[in-house]
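These are the structures in question, set out in turn.
The same subunit A turns up in both complexes below, where it pairs with subunit B and then with subunit C.
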Partner chain A sequence: MVDTALVDWSRLQFALTAGYHWIFVPLTLGLAVIMATMETIYVIRGDDFWKQTAKFWMKLFGINFAVGIATGIILEFEFGTNWSNYSWFVGDIFGAPLAIEGIFAFFMEATFFAVMFFGWDKVSRRTHLLCTWLTGIGAAISAVWILVANSWMQHPVGMAFNPDTVRHEMVDFWALVLNPVAVSKFFHSVFSGWMTGAIFAIGISCWYLIKQRHVRFALASIRVAAIVGISGTLAVMLSGDSSGVHIAKYQPMKLAAAEGLKEGGTRAPFSIVPGVEVPGVLSFLATHDINGYVPGINNLLNGYTTPDGINYPSAEEKIARGKMAIEALREYRAQRESNPTEAAKARALLDEHIDYFGYGYIESRDELVPSVTLVYWAFRIMVGLGGFLLVLMIAVLWAERKQCLSKAKWLLWTAVCAIPLVYLAGQAGWIVAEAGRQPWTIEGLLPVNAAVSSVSVAAVQTTFFLFVAIFTLFLAIEIRILIKAIKKGPEGINN
Partner chain B sequence: MQTQAITMRKVLASIYHFYADGFKQMTWGRQLWWLILLKAIILFVVLRVFFFRPTLAGKSEQEKIEHVGMQLTTNH
Partner chain C sequence: MISYDFLQHYWWFLIALLGGLLVFLLFVQGGNALIFLAGKEESERQLIVNSTGRKWELTFTTLVTFGGAFFASFPLFYSTSFGGAYWVWILILITFVFQAVSYEFQSKAGNLLGKTPFRVFLTINGCLAPLLIGTAVGTFFTGSPFVVNKNAVSDIASPIISRWATPWHGLEAVANPFNVEFGLMVMTLAICLGALYMINNIANDKLATQLRRSLLISFIAFALMLALVLMQLFTMEGFAVAADGTIVMEPYKYLHNLLQMPIVLVLFVVGALLLVSGVVLTLTKPSFKRGIWLTAPGTVMAVMALFMLVGYNATAYYPSSSDLQSSLTLSNSCSSEFTLKTMAVVSLIIPFVVAYITYFWRQMDKKSLTTEELESTDKY
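This part shows the complex of A and B:
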């Protein structure tokens, strides 16, 4: 039996690292679009004001990038040390997108990033602008590969299990890349980055307005950032809608947990907060049909039949089939050299039950239910804050157009205070995605208790607290450098 | 052939000067490069070497297969 403390500490450490990494990524994605848009205006109009405006946001982009760089590498360290069974089990599939991302990111960043910062007076305006856009596009393409890898864990496709090597091997690269979960997750994550960048830029600009400093710069920044942010939020809503349909289809337990839905059915209600429900809305969000069937937690555990007659097995049946798959793998490996006939039988049994392989590591049906409280509230925080931030951006843009923003102190302060809220919304989104898929590292194939390495709990605890100290230090440094740069303000623009 | 070599040398030299001048003229960016260097040392020297040795490191391909195979098929 695997020590549950080891699993919990390994998960906590991974969550801490991933959460820390996601502080930097969305701002990189969002600010890249904002500063590139500003530079485009500079190239079109030839007004030096827009060049200096773009340069200021580029500076904050550079600070965020420098502090955030390589924080994702730690996740790969953790795969090798704490999650070695997982790393081996999926290596061929998971490794490919991550390797592409590493190589691609390096070359994109080493060239376009350098031209963007060093090339203002050395290359033509248009070449510089192209490099600024390519820096942003490169960051988004990097995200593609990371999210392809993550989405494969949520909905594994394009692979076959090889019992001789005990690992999944890629059989269809394009199925992996065009995984529907990856497509919606990519747009959802990247556009949420646009929201983060927009709220960050609007918040800082509003602070300048409160202080009556760099007023023209602040108002111009708000215009660009709000348009980027509103467009990004609408795209987040659209991609979130398709993401909801995919979750209902491929990870129904995650959806049931996010809704706290015990008993499902047709015309399933959407819970706004506990006790306040809107009938049929969950069915519509999950199936695009108000009468669509959505299973609840108990249905998923007990087994259920959909209105169109499709039967889904109970947790006990899945666990039994999973145990048969694991036993077949053990038998195949024991017999493959001495008794090919028995090995072939075991192989056939394994192939028959391979879809339930991971269930064989589940001891009790309760393990199949993620933390309902955590996922339920994380979902509401994400959606609630997303809605609030959209309204805020519209209000700020409207007030700016009506030339009354500088007088609306409450709105300016709300925008400043919204900066941490956009980060909270992003972190909540990842909690829904990752805590909601527990107990699986790979949906249906490998739960966390089988994925974890045989290392000591003390070793994981040590590195966990080490990370807490290092991450806090680096975050404090970043915030300090950012505040210093913000206080100094844009250069070359009159107050 | 010789002209091509000279052209290539010129291209490489101009790339070198582009980066060298960029680094020399940095102001606030210098502080960030020190930060990146410090972080790289902490990540790749301290953490990687002392705390994050891959569990399967040092094992041959076959030994890794046997190890994970055993882990996944026993005690479950």
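This part shows the complex of A and C:
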């Protein structure tokens, strides 16, 4: 029996690594656009002020970038170290985007990052600008491929199960790449990075305004960052909308958990907080139809019929069919060399129930429900903070244009305090995405208890606490270095 | 005709190429191993850190891509080795993680620990990473204790297909002297490469003298380890794939492979000659600085030849010492034909990637690094 403690600690370790990684990545994505925009202005206008402005944000970018890389490498290898069964069962599909990410994106980042930092006097001004943009584009391309991989875990497409190799195999590469979930997830994640970069730059700039230091630098940074941030947030909202529709379609249990919706139906209400609901809004968000049908947790467990007459099986039926699929696989492999007729029968049975294969590893229906409290509140934190931060950026930009920002101390302090909030929103978003998918590593195909490695609980506990210590140390050092660099301020610009 | 078999061999070729490039790029680690040995003064240490610091991401990226390529093309290796030899891979990762932040943090105000600890981290990574990677690759020849049972997927209670047969999860590799010697060989080679790279990249006569001394010592150690490894490699039993697909032990398997694959033999001999000539010329001609550009291609070629030796010619590249028939071969551990073909198309981008890396490498390294440059521009 797979030890549930091993599964839990492996999940915790992966969540820890992913959570830390996502502290650093969105800032990389966002600051890359902001500093590249500033350098573009420098190249166009030839004003050294913009060069120094870009260089200051680059300095902070560099400090953050290194820790992002450090946590990223662990994340990639943890698929093998902690989820070895997963690595074989779907490695034929999942490994491809990771390799492509390395070839296309990481080498771009690695090459142009060095030129961006150390190449000011070694390449022409325009080439340097190109390298700065390519560093950011490399980060975005990296996001494309890792999100293609992640989206495949949310909505597996373009593959077929091969009982001879006992794994899923890719049959349509473009289905994987153009997975609708991947498209909306890419925009949602990358533009949320723009939000993070913008709030970070705005918050720091507002601190300079409070201190009456580097005023020109701060106002210029706010202009660029706010425009990047507002456009990013609008794109996050749009992609969030399509993401909602996809979740309703492909991961209805995640949606039901995010809404705490026990009994679904048509004109399903959207819960603002427990007890405060707006009728029909959830239906509209999920189906773009106020009368659309949205199943609740109980419907999904008991089975349900949609208004247009489509029947969905109960959890028990799915589990039973999953067990039949697994048994058919066993039979097929036992007979395939000695008794082709029996093997063919087993194969037909396997094909009939293959869609429920992963359910065969589920012991009880309760396992199919993710933590409702966690997902429900994470969703509200993400959406609530996203809305607040948009209003904040608009207010800051408006005040800057009206030349009254420096006097609005409350607004400046709010912007400074908003920096941790944008990180909280990002973390909450990933909690919805990942915790909401439980118990699956790959939705409907492979539950976590069938995906882990055969290592001891003690080993995973040891590495978990080791990573807690290392990542926390790095985070503490990064924050301290960032604070020192911010206090020192941009070089070559008069106060 | 592009057959499934061809694709498997093509992907092993790419793994070998990435492996060769990775070992060459371990000059970053080798250079860092010399921070305190060759760098006697602060200015010299700063030069070393900034010299390797402008290339470390390429090594890091190559390591990640090496892992990604293995995952995409030979997922059963990824699954078996990473999940099984848990502690070895975790240790390798941790040393690289510390390296990644140490460059950026070491000279920054507010870094909590001060400059020296971060340089110690770089030195630890410089020694341990090549040693551990080399030891792990050594097991490709000697075997690891694991069992693969794909039928386990049908066992609902315990569906894990790859299991490590010892509780040491990879640490047992050090019990085999060959693996350790292999690791030491890679480590001392990395130090040679590091010294050669910095002799060419840094304009500082005093440091160059110290680097040449380090090069001499590390090269002697490397030559000793190389001789030990080759002596055992060409006399040991190897893991052969019989015509019916079963794995059998074959005396002198790797020597046979070398002799039966003339291209690999040429690659290995030419690689070894280039590798040695770069070092020897640097040590014997005080004005000669470009030894790295002989040793680097030599390293890539020799390492590629070793990978081909262990993967081609009906050989199990990741043998099991617990259950011979669980050993991984190109055909039983690879991705599907569709995936290998798709990824083969993707791999056509690699020459373009190499081209732009080479172009910008040359742009950045046109002039050797000096203390004056570090005083006037951005630095680590």
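One rule holds for everything that comes next: the second predicted complex is superposed on the first by the 492 of 495 C-alpha atoms of A that agree within 3 Å, B and C clash if a C-alpha of one lies under 4 Å from a C-alpha of the other, contacts with A are read in each partner's own complex, and residues count from 1 in each chain.
Please note the rule applied: a contact is a pair of C-beta atoms (placed from the backbone, for glycine too) under 8 Å apart; a residue touches a chain by one contact, two chains touch by 3 or more.
Quantities reported herein were computed from a predicted structural model and do not represent experimental measurements.
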item: Side-by-side fit of subunit B and subunit C on subunit A, or clash; value: clash
item: Partner chain(s) touched by A:425 [first = subunit B, second = subunit C, both, neither]; value: neither
item: Most subunit A residues touched (candidates subunit B, subunit C); value: C
item: Partner chain(s) touched by A:88 [first = subunit B, second = subunit C, both, neither]; value: both
item: Partner chain in contact with A:483 - subunit B first, subunit C second, else both or neither; value: second
item: First, second, both or neither for A:102, with subunit B first and subunit C second; value: second
item: Touched partner set for A:453, first subunit B, second subunit C, both or neither; value: both
item: Which superposed partner A:114 touches (first subunit B, second subunit C, both, neither); value: both
item: First (subunit B), second (subunit C), both or neither touched by A:169; value: second
item: Clash with subunit B, by subunit C stretch, listed 58-66, 76-84 or 292-300; value: 76-84
item: Contact residues of subunit A, present in both the subunit B and the subunit C interface; value: 1, 62-63, 66-67, 69-70, 73-74, 77, 80-82, 84-85, 87-89, 114, 117-119, 122, 165-167, 323, 326-327, 329-330, 333, 360-361, 450, 453-455, 459, 463, 466, 470, 474, 477, 481, 485
item: Subunit A contact footprint on subunit B (complex, rising order); value: 18-19, 21-23, 25, 28-29, 31-33, 35-36, 39-40, 42-43, 47-48, 51-57, 64-65, 68-69, 71-76
item: Parts of subunit A lying in touch with subunit C, wherever the complex brings them together; value: 1-2, 62-63, 65-67, 69-74, 76-77, 79-85, 87-89, 91-96, 98-104, 106-107, 109-115, 117-123, 131, 162, 165-167, 169-171, 173, 323, 326-327, 329-330, 333, 360-361, 450, 452-456, 459, 463, 466, 470, 473-474, 476-478, 480-481, 483-485, 488
item: Subunit A residues touching subunit B - in the complex, by the definition given at the top; value: 1, 59, 62-63, 66-67, 69-70, 73-74, 77-78, 80-82, 84-85, 87-89, 114, 117-119, 122, 164-167, 323, 326-327, 329-330, 333, 360-361, 450, 453-455, 459, 462-463, 466, 470, 474, 477, 481, 485
item: Residue numbers on subunit C that touch subunit A, as the complex places them; value: 54-55, 57-58, 60-61, 63-65, 67-73, 75-76, 78-84, 86-87, 89-90, 93-94, 96-98, 100-101, 103-105, 108-113, 150-151, 153-154, 156-164, 167, 169, 335-336, 338-339, 342-343, 346-347, 349-350, 353, 356-357, 360-361, 363-364, 366, 377-379
